[in-house]
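Take a look at this one; I'll ask things after.
Order of writing sets the labels: A, B, C and D. Residues in every chain begin at 1.
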Amino acid sequence: MTEFLSLRDAIAAYVHDSSTVALEGFTHLIPFAAGHEIIRQQKRDLTLIRMTPDLIYDQLIGMGCVRKLVFSWGGNPGVGSLHRFRDAVENGWPHPLEIEEHSHAAMANAYAAGAAGLPCAIFRGYAGSDLVGVNSSIRFITCPFTGEQLAAVPAITPDLAIIHAQRADKSGNVLIEGITGVQKEVVLAAKRAVVTVEELVEDLRAPSSNSTVLPHWTVNAIVEAPGGARPSYAHGYYRRDNAFYTDWDTIARDRSTFQLWMQEHVLDSHHPVKFAG
Amino acid sequence: MTEFLSLRDAIAAYVHDSSTVALEGFTHLIPFAAGHEIIRQQKRDLTLIRMTPDLIYDQLIGMGCVRKLVFSWGGNPGVGSLHRFRDAVENGWPHPLEIEEHSHAAMANAYAAGAAGLPCAIFRGYAGSDLVGVNSSIRFITCPFTGEQLAAVPAITPDLAIIHAQRADKSGNVLIEGITGVQKEVVLAAKRAVVTVEELVEDLRAPSSNSTVLPHWTVNAIVEAPGGARPSYAHGYYRRDNAFYTDWDTIARDRSTFQLWMQEHVLDSHHPVKFAG
Amino acid sequence: MSYSTTEMMAVAAARALANEDICFVGIGTPSLACNLARLMHAPEITLIYESGTIETKPDVLPLSIGDPELCETALTTVSVPEMFQYWLQGGRISVGFLGGAQLDKFANINSSVIGNYERPKVRLPGGGGAPEIAASCNQTFVVMAQSRRTFVERVDFITSFGFGEGGDHRQRLGIRTQGPTLVITDLCLMRPDPPTKELVVVSMHEGISREEITQKTGWPVRFSESLAQTLPPSENELKVLRDLQTRTNRAHGGK
Amino acid sequence: MSYSTTEMMAVAAARALANEDICFVGIGTPSLACNLARLMHAPEITLIYESGTIETKPDVLPLSIGDPELCETALTTVSVPEMFQYWLQGGRISVGFLGGAQLDKFANINSSVIGNYERPKVRLPGGGGAPEIAASCNQTFVVMAQSRRTFVERVDFITSFGFGEGGDHRQRLGIRTQGPTLVITDLCLMRPDPPTKELVVVSMHEGISREEITQKTGWPVRFSESLAQTLPPSENELKVLRDLQTRTNRAHGGK
């Protein structure tokens, strides 16, 4: 049965030290509130998976929650570097960060393979890339019909998926609209899934019979967290705080500025909407 | 550029004798009108692909258009046999029919692989099935990570895809709603695609930003063919004529009854809506 | 209250389903059984049809696997590749239904040909979703009318693998699911006997004798030591079933 | 009318696009160039962003690859796996844009690390979609500011393969697409010289000398025999570009 929990209880119950967690959301619907609660609860030694480590992963890394990162693009979109990510890789601060680097195509296919119950995904990829030499998860198979070489990566099957969505109904069915990214796949690929939503509603108001809906029996826990994607955005609810993304470059560049900001806006604050203020 | 053609011109221009054609539609949106026009134009030696050869393929086979059938379930849903299909396989009437038999999972994956530009699809399938021994398109690969055996089938890439959809706009963008089957995949997998639609409209009226829309540059020709899926159905337009599906069992059982019916309702009739009458 | 053999089969199959089940439903008796279960003891049972409709609650039975009722009453409808990739192969289905033209004592199913494959006596519709339903659902229920012609020692062609040659044959092929755990016929219920996996009769329907079952089974069929008597359909079960059938006939009959 | 080097790059890239192109757009100058082309000579150009937005017509430039403007103005938005499977890998994209921290003379791109991979001097964001954009688009355009630090003899790490070691290296790896056919810098345009595939300067921007280009290229760069002069941005191009930038800044600036 799907549980309805507070954010605090959901993170306490589902995020375990040393486990593998994927918080997904492709620019849109990034589960910031959930990430902040992980930081507040001081989870440790996490292996985090995410195609586009965004500000929330920069924060998790900088706050020392992360042992290993699996990713394909780790930057601040349109702005520049993720300074905490760089500091961890380049200088081991606050401690060394192990990385597993992929391409987007590899990770998208690997999530889809996880959702599909396959041990691996095949795709046309990585041709000539040096990533092949530094990532032992990249292998090749031969097409049994044409003899072509195709790249293969293992399916991604995290211990836990965390996503943010627009709505859930009282049964726990979840609606996602707009840029849906890999969220359906990560929920179906993961052993367990927690979904934070903008609102709990009587009727999902799915605009189409083909809308992206996750049935309640694919979701373990639902958390009502309005504004839970800020400063990212929720299609139909609020827009992306692009100015904050730009500001983050300054905040995160310096270790102590970063720590002060985290103290004030995350550790001392339990109201996710205030975060981007 | 997408052409806007009459049904007659579209079939004349796009369906060639001895070519490989997939008319898809999973119970819903079966392109009957297009199939009837193929019969009227007496196309020959076609290789037809379809997961669920339905009444329209029974008619095409019985009228002698088909040399080979690639399929996974060839029956009259909820009613029984496709008698013309059986007569062709069992008795070679009107002439012998070569078959390539798959499972649904294999064909769905093979269409998806075609759409994705892959030479083959891998899936967990055909374990222990005798289909492996009678279909040389079924092979196995070994997962390079787990050592598991996975089934592989070649991608389906027909010369032509024909589907029926609800609407197209004046640019040729196509909207499909409801049970979408493998229609997106077959259009993207095929070398060329013809789409018949219930109506041509100024505005597609897509209910969601995530609606199933085929951009005009993936479609070669659009044909306005209201009622073009009857006696199958078009979600939002008209319902399935289940009574006709039941009646077909009697019509098709006997060669001469079948031929008389085809003469009256297809060869002598150019109005697709009359078909199911 | 008298009842038909189809009604007995549907009721027996419905009773085997639980509220928590996620069912991959086939057309015909399985559809009848699943919807009966939903209208009786399992109101929250999840019904999935391979056309892509998830959590559908049709008011009338579909004639085909993709009738309008299914999509209109579903929680959501996905594409057919997604259905087979994420939902069936993804291991999310607890019970799948199977049927066919022939079943053998190890619950292998033939829905391809009677006779030789290349020159068949009867060309059947084929397996459709069945080869992978048989392997990917946690367990499968087979629903078939029983006769010496259909329940055979060895099927002419294995379209969908049951227990193969019995024993651990599934495991040896790398299949992780339970396979056909229940066969529901017009005469009885059968289950695979551990460890041989040969189907044995575990319950006989009302008015059916051991002799009739033996006569209508193409192999020397065995009976369980704890052989039970199938409870006949209750008045309530029959009423709900017949109301559903009446609604369905009315909906499909009119041109 | 004076203009910036970024404006020159955007205008030069826009001019290389045609109305029929289907572009996989990156953030930054590529996004500027594609939208400029759409507002100028290529009103029907198809813009696709890897977040899943197909045929998007944003009124302001997105800051990220998945800004609300993109989805709201798109013909349709698909999932990210579908984008990479059916649309990019499916071979539907005519032009993809690439950039990076380092480019070498065979147009290989490094966007992973400066220095050693295990203990990097600078950890860069990584390739994102680039490794497969580089292989799957019919051709790619590289947009990068030029310096001896960024245009190097050999990249520290090949994140995205261009022409490898030159010649038929792409073909030998089974890659069927053309690869990087145009490099647009703040100084010049480069194209691969057939058959060696070494990048050569084909057009110099206004006010740029051969000496400056040579000085700012980390390999002994060659100049085409038919070396051209890049036409500076027209008044109209600059007006449309700046209007777009002004709208964008207004939209992104306010908290």
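Just so it is clear, contacts are C-beta pairs under 8 Å (C-beta built on N, C-alpha and C of every residue); 3 or more make two chains touch, one makes a residue touch a chain.
Predicted model, so just to flag it, every value in this text is computed and none were measured.
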Between chain D and chain C, distance of the C-alpha-averaged centres to the nearest whole Å: 56
Centre distance in Å when chain A and chain C are each reduced to the mean of their C-alpha atoms: 40
Computed distance of Cα centres, chain D from chain A, in Å: 27
Multi-chain contact residues (two or more partners), chain A: 112, 116-118, 123-124, 148, 178, 180, 184-185, 209-212, 235
Junction residues of chain C, two or more chains touched: 71-72, 77, 85, 89, 136
Overall pattern in which the protein chains touch one another (line/ring/star/complete/other): other
Which pairs of chains touch, using the document's own definition: A-B, A-C, A-D, B-C, B-D
Interface residues, chain B side, partner chain A - complex: 116-120, 122-124, 137, 139-146, 148, 150, 152, 154, 177-178, 180, 207-212, 235
Residue ranges of chain A touching chain C (in the complex, touch as defined): 112, 115-118, 173, 184-185, 188, 206, 209-213, 215, 217-218
Interfacial residue positions of chain C with respect to chain A in the complex: 22, 46, 54-55, 71-72, 74-78, 85-86, 89-92, 136
Residues of chain B defined as touching chain C within the complex: 26-28, 51-52, 71-75, 77-79, 81-82, 85-86, 89-90, 101, 103-105, 108-109, 111-112, 123-131, 134, 148-149, 178-182, 184-185, 212, 233, 235, 239-246
Footprint of chain A on chain D - complex, ascending: 27-28, 50-53, 62-68, 70-72, 77, 79-81, 83-85, 88-89, 108, 112, 117-118, 120-132, 135-136, 157-161, 164, 169-170, 173-175, 251-255
